[in-house]
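Sharing a structure below in structure tokens format, with a few things to ask.
Going in written order, the chains are labelled A, B, C, D and E, and every chain counts its residues from 1.
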Amino acid sequence: MSVTPLLEIKNLHVEFKVYGGVLKVLDGVDFRVNVGEKVGLVGETGCGKTTTMKAILRILPVPPARITGGEVLFKGRDILKMKERELRETRGRGISMIFQDPTAALNPVFTIGAQLEPVIRHASPENRRLSKKELRKLAVIPLKEVALADPERLLDAYPIQLSGGMRQRVCIGMALATNPELLIADEPGTSLDVTIQDQVLRLLQRLVEQRHSSVILISHTLGIVRQMCDRVYVMYAGNMVEEAPTRKLFANPLHPYTRGLMAAVPRLSGGGVAMGIPGRIPSYLHPPSGCRFHPRCPQAMEICKHEKPAFQQAEDDHRVACFLYDPAVAEPQKEATTA
Amino acid sequence: AAPAAPAAPAEAPAAQPTEAPAEAPAPAAGPTTLRVTFAWPTFIDPAVGNDFSSSSSLINLYDTLVFPSPDGGIVPWLAESWDVSDDGLSYTFHLKQGVKFHDGSELTASDVVYSFNRLKGIGEGFAYMLADAESAEAVDDYTVTITLGKPSGLFLPSLLRLFIVNEDLVRANTAAEGPYGENGDYGKEWLLTHDAGSGPYKVKEFQLEEYLLMEKNEDWWGEFAPNAPDEIRFIGTTEAATIRTLMANRELEISDQWQTVQALEALDEIEGVDIAALPTMTEFYFMINTKIPPTDDVHCRRAMAWAFDYDTAVGLEWPGTRQSQGPVPASLGGHNPDVFVFHRDLEKAKEELAQCKYADEIENYPVEIHWVSEVPDEEKFALLFQSNMAEIGIPVKVVSIPWLSMVENTSSMETSPHIATIYVSSDLPEAGTMLFQRYHSSTANQWLQNEWLLDEEFDARIEDALATVDQEERFAKYYELQDYIAELAPSLFIYDQAEKHAYQSYVDWPALRGEMSAVMGYYFFGPQIQVNPH
Amino acid sequence: MSNDILTVENLKKHFVIGYTGLIHREPITVKAVDGVSFSIREGETFGLVGESGSGKSTVAYITVGMYRPTSGTIYLRGEDLFAQGDERPLRFKKEIQIVYQDPGSSLNPRRTIKDILDLPLRIHQPHKNRTLEILRLLNEVELPPDYMHKYPRQLSGGEKQIIAIARALASDPSLIVLDEPTSALDVSVQGKVINLLIRLQQELNLSYLFITHDLSLMRNVATRVAIMYLGKICEVADAAEFFQNPQHPYTQMLLSSIPVLSEEEEKLKPSKIHSIGEIPSPVNVPPGCSFHQRCPYVMDVCKVVDPVMVETGPGHTVRCHLFEQPPAPAAVPETSSTVEAAT
Amino acid sequence: MAQQTAEWTGFNITEQELRRMRWQTRRENLGRSWYKFSRNPLSVVGGATVLIIILAAIFAPYITPYPDHATRPFTDFANASQPPSLEHWFGTDEIGRDIFSRTVFGFRFSLTMGVVVLSMVVPVGVILGLIAGYFQGSRIDTIIMRITDIFLAVPPLILALAIASVLEPNLFNSMVAVSLMWWPWYTRLVYGQATALRNEFFVSSAEVTGASTAHILFREILPNTLSPIFTKISLDMGWVIIIGASLSFVGLGVQPPKPGLGTMVASGAKYLPDQWWISLFPALAIVVLVLGFNLLGDGLRDLFAAEEI
Amino acid sequence: MRTLTFIARRAFHAIFVLLGLSIVIFIIARIMPGDPARVAVGARAPEWVVEQLREQMHLNDPLPIQYYYWLTDALHGDFGISLVTRRNVADDIREFFPASLELAFTSLLITAVLGIGLGTLSARHKDKFIDNVVRVISYMGVVTPSFVFAILFLLLFGYVLDLFPTIGRLSEGVPRPPTVTGFMTIDSLLAGNFTALFDALHHLILPAMALAMGTMAQEARITRASMSENLTKDYIAAIRAFGVPERTVMGRFLLKPSLIATISIMGLDFAGGLANAFLVELIFVWPGLSRYGMNAILRKDLNAISAVILVLGVVFIVVNIIVDLVVARLDPRIGLRAARSD
């Protein structure tokens, strides 16, 4: 597997200006995707997963949102500094995204065709010269690829006329229609039933493997990430707290948050349901000082309240943002926990 | 007598706008137009219309047997002469020959008879004015006899309202279905938007609620003044802002008479626009209900009459307006110049009030004064009355009321307000007409009389006066009756209305010089008006 | 079985959602629940699992009295809940309570927690001191007393769901219907709620009708499980037995679709059977077995004949043609490999 | 005496403390509401405008230079149609009355009209809407909503005119007339809300608990429709005032000598543009008043907006 | 087919509404003060004339019987004789209604173009200077009654600047095209009379503007609100993420869903504008239905009142159906609300 980074996010800060103050949502996010890699991103609701992805594509709704720092390097160029034209080239052909909620991501008042055609038209310079008819022919292809029956007819259907599973597939089709180098899949299939979700995920897997695209897969269901990804990031309240190859992470989660999360998942093998992590995700208006997790952390130390832990290597290719693994700070505690 | 054709220099050539060079910005080439605004609707069916705008249209579209002279009398017109039987019940008219209707057919005696029967048969419009006339008969093609039921001093002037229609044309356009038996609908529907007359102008276009456009009837038997308008357009609006804009843009020659004093002042400011205040047969009354407390007590009424500030009230009107002298306008024949007139005198007012049987608890008898909401200026008078009465302690409530409600309310004694502010116009230029209209018991349930005088003596005396054929004798009776009414103080006589019109100074309007009759509508008799585009 | 608290017998609910044509107006119906029977024992947690639209909520709503069934009936300790015409007697309303799936919409946003908890108390426990009772309830569900005056929007999702539970407890019921009580919550919060429910059940001797589509969760809370598909129950079994020996093809498909966290769990999945096809619309339920279009083991008979429930073991019933002839079950594992190729 | 809560509740707190908690939460909520409202300065401006106008209307006799000009029979034709001056800030009208005083008093009647109309309209409209919405699909729904449709289909101003001409044309009857054409809009608004809300789980929850219909309508559903209702009320205040002005154009409405803003504009319009002040100032007063209510309404919308901070 | 069913069903419901409406109208018209027959012929006409008219209008019959006559006649398109114009009310309506419609349509056009345009502008530059300007304008528009605009425009554009003709539908001297549709502009066009066409358009502008101001402001506000709301929707983010240029995003994918709210309001405004235009019609001497209805009320013209209210009621209902159809066409989520009252 190649290790050239396709996408690299460095110290990204995003705020939302809302009435009542500023939500400091992303607080120095570091993130990397290598060419051909499938990266997972997990975390509780509202921890900033979608925000991070939207920031990559610069599609955050701009009056409330503001990117206050950091860089998003795609193939070495900073997306945040791109001009309109360059940005348009990067979007779609470079990076494409499957949105979390397929119902919300499809414009309810346009037919599938009407939404798909401009996407294809702008997917490459040649396509721009195509006639409406030719475009329509092209539009059928991505729908066929996602195994939708009768794609011709589907082009004239409105989103409302499709089932949830079909909508999700259309979204996948649209996202892949531009043949992106990097595909961001934001919780694909979460709104679907288990069996249908399973179908969709397998389909997605097959398609990206065919194209050798890189993938970012977002989910708060750990099992899905485990099933699909090579490497996993764990996010909490606007920070990356842990990163490791999938197998490693599930075998040996380090961050207390990751552990809490994993413990809380009910197992098919039985054994009861753990209590979960106490408390709730903090308000972004007044985020906790120091480590944002400290108010909920069972192993919080004094330093956690004041200082923000660095996101650093704990073992090789296993990074974690926690003082427990900072040799300078918490050698004794570490011993205690591993015991 | 010879028809008093419009006084005009006959030899003056019709001003032809032959050379209308580019420098003239005003209506240059094309026909000259006289544009006048009116309150709508306008009925051009002579058996239906009887209001101001209808009268003004009818006199231009139709001819009548007689024509009013500026001094209040009448002169021959279609009827070149007439004879009266000794009992005063039968009039024989000799018609002018060769008069052509607009369709070219000749006007004959049978048309007169048909018009007479049609008006009476339909019964609307001005029909009531011919109530005493019983039948008409064509003696030959050019002779007509009309028979009266009882002698009347007012019969001849009332013929001003008998417009002669083209019998054949009307019959040809009569719908068979209609309320008038064998006469079907009497051609009512058709005549609503078409004319069947022989008058100096004929209908060119008629747009409901918008305008009536008439064009000159070149074949008219009478004479046109040299610059008489080629077209007359009556426009249906009285909106101040609209009038003003039209006037300023020279798109209107004469305004309607409903403009407020302030609006007139503003119009006067416009260059080339002047204001005319023409005498009318209309008086503005505060009609006092004499049958409900506290105004059923004559002292109370007199107290009000003494307390009212006539000078201020008259001052609210256009300069030159005068306080009414008694119950009939001074412009009418038979007006008594010596009739008793109230003026403001608070002392006298208080004295009278003291004699009123409600004096001690007058504050428990609020007097309601109703003014017609469609005539906003009336509010000022009502308010003035309110504040004047406050000075002598009579509480007054001012109520604005739509005209229709006023009509409804005045139809019964109980609902008639204490005071209704109403303009009444005399049908004919004689004091007796007005006295009858205003105070005879037969009008008590109409808006013409809010007083509910119901005075048998008065009824008998006015009936007698009207039947008196001799003018001098008749007038003497009117004089006494005016004193009789003044004594009862059933109304406050505010002022004799002047018809105020803004007009363009390029209009030569004989009415300004007193050369036109004050009978309703005749100020707009087109052949006598001249429009001089410069 | 005298210790059954709730017995559901051949329950049907068909919704009329429209009419065909303008002149020939025939009702278009959704067979949301189509002949469901099961019973819940005193003190147990009966799990109802199924995909979206399979009619789980409809069963729940009928149980609590929001709908009247089209046919069939429900007995509460032997008494027919629908015997008395339209309005269900208060005493039944007291006995059966519900916790809805969406904590956001199940609490009136314009009423305080106190108001919310007050209503069932006022109706069902009118003689008690309600303020004290509310405090007691809050304590019971481990929330601080100052929550009394808060509005739902000031609470987190988990807390809202806990308030909903407290409300259900207020009338002192014996059966609580839990309609996906944690599916809108994060796993980290879910634990707390589930544990609370389990503790309450033990303390108050409650019975639960627990609805969810999360089989892993079901494995950990239910004593018995029923699987629903398109308005019908296709398999019922004790929880442990169910996960060890899933029999209905749909059950297997469900189990194999679950994303899991560990190898150990992976082994429990009949992993070779993959999900195919879309869930048919309940308006157009296919003839025969409603699952036949997605079933990897479909036989000709499945397309025409609707199977009936057969007992395959103690307390384990399945509604599938494969099990109607005794030797069938053995066939299941072998055929699965051919199915893989089909996807 | 502060009473200790019974121990079995599990908490050991006094009633006083409970009360204190309540106040604290209330204060918090109020603070939050004010915050949401005030974050848009225009809402505050609107609220302040409305407040000032209400106060001015209440204290009109004390703050106007010539209260007599608005309350008593008064004419002073010598001073008629004077342009604005130090003595008469807004000038005088065609009868010599101080327009400023009359405008301030005019607020009284405009506000009264608004308040009275809405207090007749809102309860009727809302209750009908609630009932029809809650019993959606039943016969009662059909009846109520058909009647509503009928009234909606009648052109409002014409209906008002017709009614006002049936009754004596005074302020109250004009208000009745306006009310008659207004309620269906509330019914419709609430109907839409109620049909949506009746499917909410909190309503079902109350139903299955055994709550009475009245409780469900007024305690569960009504509070959730209040925000659009209040927003509409504040916007409608403006509309009612404008409608009132239109009615007075044809002679209905406030009776003289009392000043109605609409009447003042209408009668002053005849003197445009020369005596512009006669109609301009009352017109501005209407605009300011309506604007105030509109801004306030927008503020209320923000206040009630679901989004939480 | 679905559309047809929808229209059929709505029309069916409309029948009930209209029936109810007719009863309301009828009652209102009859309880208004004044004897219509007397009002029609004037105070001075003899009693027999009045009686004749009363008889002709069935005014002497009990109310239900009067209603029966009125209804059966109305069903035949016969609304009786107007007491004001003395013509068949049906003829009057044929004359005035097109004039009103023409005005209302023009105003609708202005409203749509300016309202949506300003709203879009405002949403695009949300919270910037332009936005604030538009908002102030729209507030002013909303709170100022249309008759104030009418007077203002008349004085400003007609009097001070003298840019526009002030009254009526055509200038004098311009020959009227033969009446086909009653729409002066269309009739002129049909007759190939371009002088009349331009003149008619010229006459339309001021009254239509006066009528449009308030609704335009309203629509600008609504467009702005729904646009800025939709701007934060995921589907906008999504289509952007696929590299579709901003122009297409704003002009197509944002505009259409945002128009739905605006269009619903526009329908109501159109129907309302038709009914409430009388002051504007009065000021511009526009021979419209609203002014006709107003006069009818002031003169207690029973038949005319009933007919006008009925016509306006029908317009209201028809417009509502059209709006529903348009909205359903624009927004498949809403669909046809035929089931609403089932």
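Here is the rule we use: contacts are C-beta pairs under 8 Å (C-beta built on N, C-alpha and C of every residue); 3 or more make two chains touch, one makes a residue touch a chain.
This is a predicted model, so every value here is computed, not measured.
*Asks:* Touching both subunit C and subunit E: give me those chains, sorted by label.
*Replies:* Touching subunit C as well as subunit E, we find A, D.
*Asks:* If you average the Cα atoms per chain, which one ends up farthest from subunit C?
*Replies:* That would be chain B.
*Asks:* Across the interfaces B-D and D-E, which one involves more C-beta pairs in contact?
*Replies:* Higher C-beta contact count between the two pairs: D-E.
*Asks:* Relative to subunit A, which chain has the most distant C-alpha mean position?
*Replies:* Farthest by centroid: B.
*Asks:* Averaged over CA atoms, how far is the centre of subunit C from the centre of subunit D? Could you give it in whole Å?
*Replies:* Measuring from centre to centre gives 48 Å for this pair.
*Asks:* How many angstrom lie between the centres of subunit B and subunit C, each centre taken as the mean Cα position?
*Replies:* 89
*Asks:* State, to the nearest whole Å, the distance from the C-alpha centre of subunit B to the C-alpha centre of subunit E.
*Replies:* Computed from C-alpha means, the inter-chain centre distance equals 38 Å.
*Asks:* Enumerate the residues of subunit A that touch no fewer than two other chains.
*Replies:* Residues: none.
*Asks:* Tell me, which residues of subunit B touch at least two other chains?
*Replies:* Subunit B, residues with two or more chain partners: 241, 374, 402, 404-405.
*Asks:* Residues of subunit C that touch two or more other chains: which are they?
*Replies:* Residue numbers touching two or more other chains: none in subunit C.
*Asks:* Along subunit E, where are the residues that touch subunit A in the complex?
*Replies:* 126-127, 231-246, 248, 252-253, 256-257, 260, 330-333
*Asks:* Can you name the residues of subunit D that touch subunit B in the complex?
*Replies:* Residue list for subunit D touching subunit B: 72-75, 77, 81, 94-95, 165, 169-170, 250-252, 255-257, 267, 269-272, 274-275.
*Asks:* For subunit E, which residues are in contact with subunit B within the complex?
*Replies:* Its residues touching subunit B are 33-35, 38-39, 41-46, 48-49, 52-53, 56, 84-88, 92, 95-96, 151, 154-155, 158-159, 162, 166-169, 172-173, 176, 282-285, 287, 291-292, 295, 298-300.
*Asks:* Given the complex with subunit D, which residues does subunit B contribute to the contact?
*Replies:* That would be residues 240-241, 260, 262-263, 265-266, 269, 312, 315-316, 373-374, 376, 379-380, 382-384, 386-387, 389-390, 396-402, 404-405 of subunit B.
*Asks:* Which subunit D residues qualify as touching subunit C in the complex?
*Replies:* For this pair, the touching residues of subunit D are 5-6, 8-11, 13, 18, 21-22, 24-26, 29, 200-202, 204-211, 215, 219-220, 223-224, 226, 306, 308.
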